[in-house]
Amino acid sequence: MRLEAQNLTKAYHAHEVVNIEKVTFGAKGLEGLIGPNGAGKSTLMGLLTRRIAPTSGTISLDTGAGVKQLNPLKSYEVARVGLIKTNQRIQGFDSLTIRDSLRLAATPPKDEGLTSIFAGHRDTDEIEEKVARLVEAFPFTDRNGYAMSGGEKKLLDILRCLITEPKLLLMDEPTAGLPDDITRSVMNMVREKVLAGDMRVVVVEHDLPLIWEYCDYVHFLSEGSILFEGEPDEVKSNRVVAEKYMGV
Amino acid sequence: MDYLIFSFSLMLVYIGLAQLLHIQFGLAGIPNFGVVGFWGIGLYGTGVLYVVFGVALLPAILIASALSAIIGYLLALLVLQRSGQAILAATLALSAIIATLVVSEKDLTGGVQGLGTIKFPFGDMANRNFVFMIFILVVVLALVWVSARLRDSRMGRQLVAIRDNEELAASLGKNTAATKRWVFAITCGGMGILGGMSAPLHQFLVPYQLAPSITFAVWIALVLGGKGHNLGAIVGTFVTFGLFDILIETYAPVPAEQAILLPNFKLFCYGVLLVVIIMFRPIGLLGTDGPKVRQPAAKGAET
Amino acid sequence: MFEVQNLHSGYGEMSVLKDISFTVRDEIFAVLGANGAGKTTLLKTLARLLPIQSGSLKLDGKDVSNAAAYAMPGSGVAYVPQEGNVFPDLSVMENLSIGGRTGNRPKAEKLEEVFELFPRLKERRSQSGGSLSGGEGQMLAVGRALMQDPSVLLLDEPSAGLSPLFVDTLFSNIAETRRDKGVTIVLAEQNAVKALEIADRVMVLSLGEMHLLRDRADLSMSDITAAYHI
Amino acid sequence: MLILDAIFIGLLEASPLILAAMGFTLIYYLNGFMNIAYAESITFGAYFAILFNVVLGANFYMAIVPSMLCSGALSVAVYLLIFRPALNRGVGPTEMIILSVGVSFMLRYGLILVVGPENLFLNEPNITYLQFLGIGATNLQLIALALVLLTAGILYWMIYNTGLGEQMRGLANNRELAMASGINPHRTSVAIWFIAGCAGGLSGIFTGVFAQVAPYMGWNVILITMLVTIVAGVGSVRGAVVAAVVAGILTAFITLVTKPLYAEVVLLTAFIGVLTIRGARTA
């Protein structure tokens, strides 16, 4: 699973927010994407999942079974290819319970057609089992009810993405709003899946200690371009990174 | 007696419309302010096919409602992915277009002179109006049943998700635009069927019947009963139409000189009810209901 | 000036800032930290745009924990957000004029001073705020705040997205404002080096908590690096 | 000549629409929802004129200002009693529209219960018929046109050149920044609802004096006002003025070349077309 962007640019009015010659995600297992404020990280994530239309450039996904151009796809089609993104801000379905929200995400779209109205029962045992496994792994206040706090909503958002079994998961600031121990169990779960070869992950984070701890490879984005890439230790000791973060 | 049957039949039609609006707005979040337009396509479509072209009533209703569904689909293609306010304005505009066309296309619709007469089906059976009321009742009950099934189904869950957060649903791989389009088209077709069935009730069609107040009456009934509850449409219609149009109009001893003001008093009360409900109980009288499906067995019960 | 005690604040039920206490004197008070540290949340809370979840906030000895945001300019607080800091549909003049509604001095006099500090704004005065370049927009934002004749100026990352040359000019403008008008400045910055050039005291935030608070003179670069986790 | 006729008739017909569209836009711009009850600002303007002009016997021109002010006061009252509490409770934009339908029903049918459903007529001042450039017009039409254009001009000036306009546009542009700049949103809102109500009232008075005063007169123009506003783009007052003028002239033009009813159909279809292109996108 390799996601490749080439000559990718996004400009608002005349202001260029992203300008990337070439970058590849998903080649190394668990990758990090870091950069100072306004570096264009969120815009890049939006571009990769086709929520934002690029000004120019191409995005392609090598699924192993052939290369797919993402540019002409709509955002739901990108998701169906197996490229899923968690949300930085709290997003959710307010009238779905935790379980229903996960069931929704786990249900393949072809099973949600008109005929499903007259189906005997709603969800297969397989889906129920997957949902139960995820729900019980985390301390939700009411496992049969709704996500209560901001933290639970954020956690649910990540679990919803995981249950779709993505091939490449983009995590946009997963720690923001989550308690420390939950963050760690989420990241451990993610690392397990990566090690098992089920998926590849890109984490966008402000919390650099987390990046240093979990990532195999780190991309450094500043002023819309990838300025440095490498192993966490290389990035940590890189002069450009320190300079761009602190103005040294 | 005939008048009561007429009133009840009409009330059933309103319940059906509110039920369809519950699917459109309550489940899928599409604010259709053109209810009377789609109902009107069914009503006048049936009338024109029956009177001008001599088509039998039931095929006429089906053709007219298919037309209503097609127009619903086309409108959905144009505006359904726009903001709620744009959808609202576009559907309202469509209903105004239908009403205007009915007046201007005199050759087909009879214009302001009206179009008639549309007779009840079932040959010369006695109590045809009563039998027809039962027929409408069956259709409306079927609608309520389908709507309950929808609420409990995978598709209904997807609709709710789209209403809550369409972008998020799309990011999970749901083709939200297509789903909304089909649901809208089919429910607009349903409004067309109810319109077609109203044709023999009214017998004689005049453009005045396409006034936007029908749209608002249906909306008020739904919001009052509970837009997110499967029985909200029924309860809301009983409270509004049942109370004012049937009970008060039939039985209340109103002096003749005040009788002309009665419909205005009714609409005034509708307005007050609507304001009070949205201010103090926005979920409606019945509130919201979730899917009625089996919850997973408690852990330990299986092992 | 500002007295902050055991402050918790954030968005909805989420706390971004956790138990922060400090006092701002008559000085340039720099708030440093990597992104996500809580700098913006802190400034928004001081401007009363975010509710205080617990703790207290005093301005000149008066409790303003529950004050409305629109009452703060009247108490001498001016706020320049990092993003969305100009009214895009309003002209440069109108942007400035909105700021000039508070204070006792006539608008024209204050306008003169702002134009003196930022001559570029004078050239662009009839253009719309949205049509300005990033740097000009930042000048307009600061200019609008100065039109309020503030005693405390809250600046949120004024250097973000600006070219280095422009950052130099902007910071010398800020220092000049401090010198000439004696305005207290609370400056949130990610760019530690620039901020240290003009700051009197420095607070470093890290993941929503206060990492350190010291006089500029007692501070070394490694103190800050640790908080940035690089 | 046809075009000149169309422009003149269009302007005459559009002039009340321009005012209504401006007022409607102000509220849409400031509070972000389409206020269908604005129809009643228009209707009540005309009925207040009946009160001053017919019941109290004032000269038509003398009745204009007090009627307008009453309509503005009514608008503020409705805002303070219903819309502001609802907005504070976080009622969403679609529900706000439904709420405004409720308010509209309440006011309109309440009015009918009090004054009756009959159409009423204002006591028009003496009318003389004038002719120039081949176009016939009465002095009343010309005075109305001049007055409406003058008011629209003042309103436009108020929005783009005064402190209040500045504050209002600031609030609509960036509410948070406006508050941080010391703008009190409550005071500005009251002022805007008052001005919008006045504009609606004046629009109603002139709609009424050319035809009759009826409980449905506001309702009859609200759909077109709504569409004009949306088509003009979210809350651009400039856009609303242009769109209203174009709509008026277009209607007049189509009316002159075809049956009047088609004008409405063409106009509404065109509006749906514009909505397809211009309406804010969701997902």
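A few notes on this one:
Each chain gets a letter, A, B, C and D, in the order it is written, and its residues are counted from 1.
Going forward, a contact is a pair of C-beta atoms (placed from the backbone, for glycine too) under 8 Å apart; a residue touches a chain by one contact, two chains touch by 3 or more.
This one's a predicted model, so the numbers in the text were calculated from it and none came from an experiment.
Both chain B and chain D are touched by no common chain. Centroid analysis (C-alpha atoms only) places B farthest from chain C.
The chain pair A-B and the chain pair A-C differ in C-beta contact count, and the higher one is A-B.
Rounded to whole angstrom units, the spacing between the C-alpha centres of chain A and chain D is 48. Between chain B and chain C, the centres computed from C-alpha atoms are 55 Å apart. Averaging C-alpha coordinates per chain places the centre of chain A 42 Å away from that of chain B. Rounded to whole angstrom, the centroid-to-centroid distance between chain A and chain C, based on C-alpha atoms, equals 33 Å.
Counting only residues that touch two or more partner chains, chain A has 75. Those residues of chain C in touch with two or more other chains do not exist in this structure. Among the residues of chain D, those touching two or more other chains are numbered 283.
Chain contacts here close into one cycle, and each chain has exactly two touching partners. Taken together, the chains touch in the following pairs: A-B, A-C, B-D, C-D. Residue ranges on chain C touching chain D, taken from their complex, read 47, 49, 68-74, 79, 81, 84-90, 94, 97-99, 101-102, 144, 148. Those residues of chain C lying in contact with chain A across their complex are 11-14, 34-37, 82, 134, 157, 159-161, 190-194, 207, 221, 224-225, 228-230. For chain D in complex with chain C, the residues that touch the partner chain are 163, 166-167, 169-170, 173-174, 176-185. Those residues of chain D that touch chain B in the complex are listed here as 33-34, 82, 85-86, 89, 91, 93-95, 97-99, 101-110, 112-113, 116-117, 223, 226-227, 230, 259, 261-262, 264-265, 268-269, 271-273, 275-276, 279-283.
Those residues of chain A that touch chain B in the complex are listed here as 49, 51, 74-76, 79-80, 84-85, 87, 91-97, 99-101, 103-105, 107, 109, 111-114, 116-119, 121-123, 128, 131-132, 136, 144, 160-161, 164.
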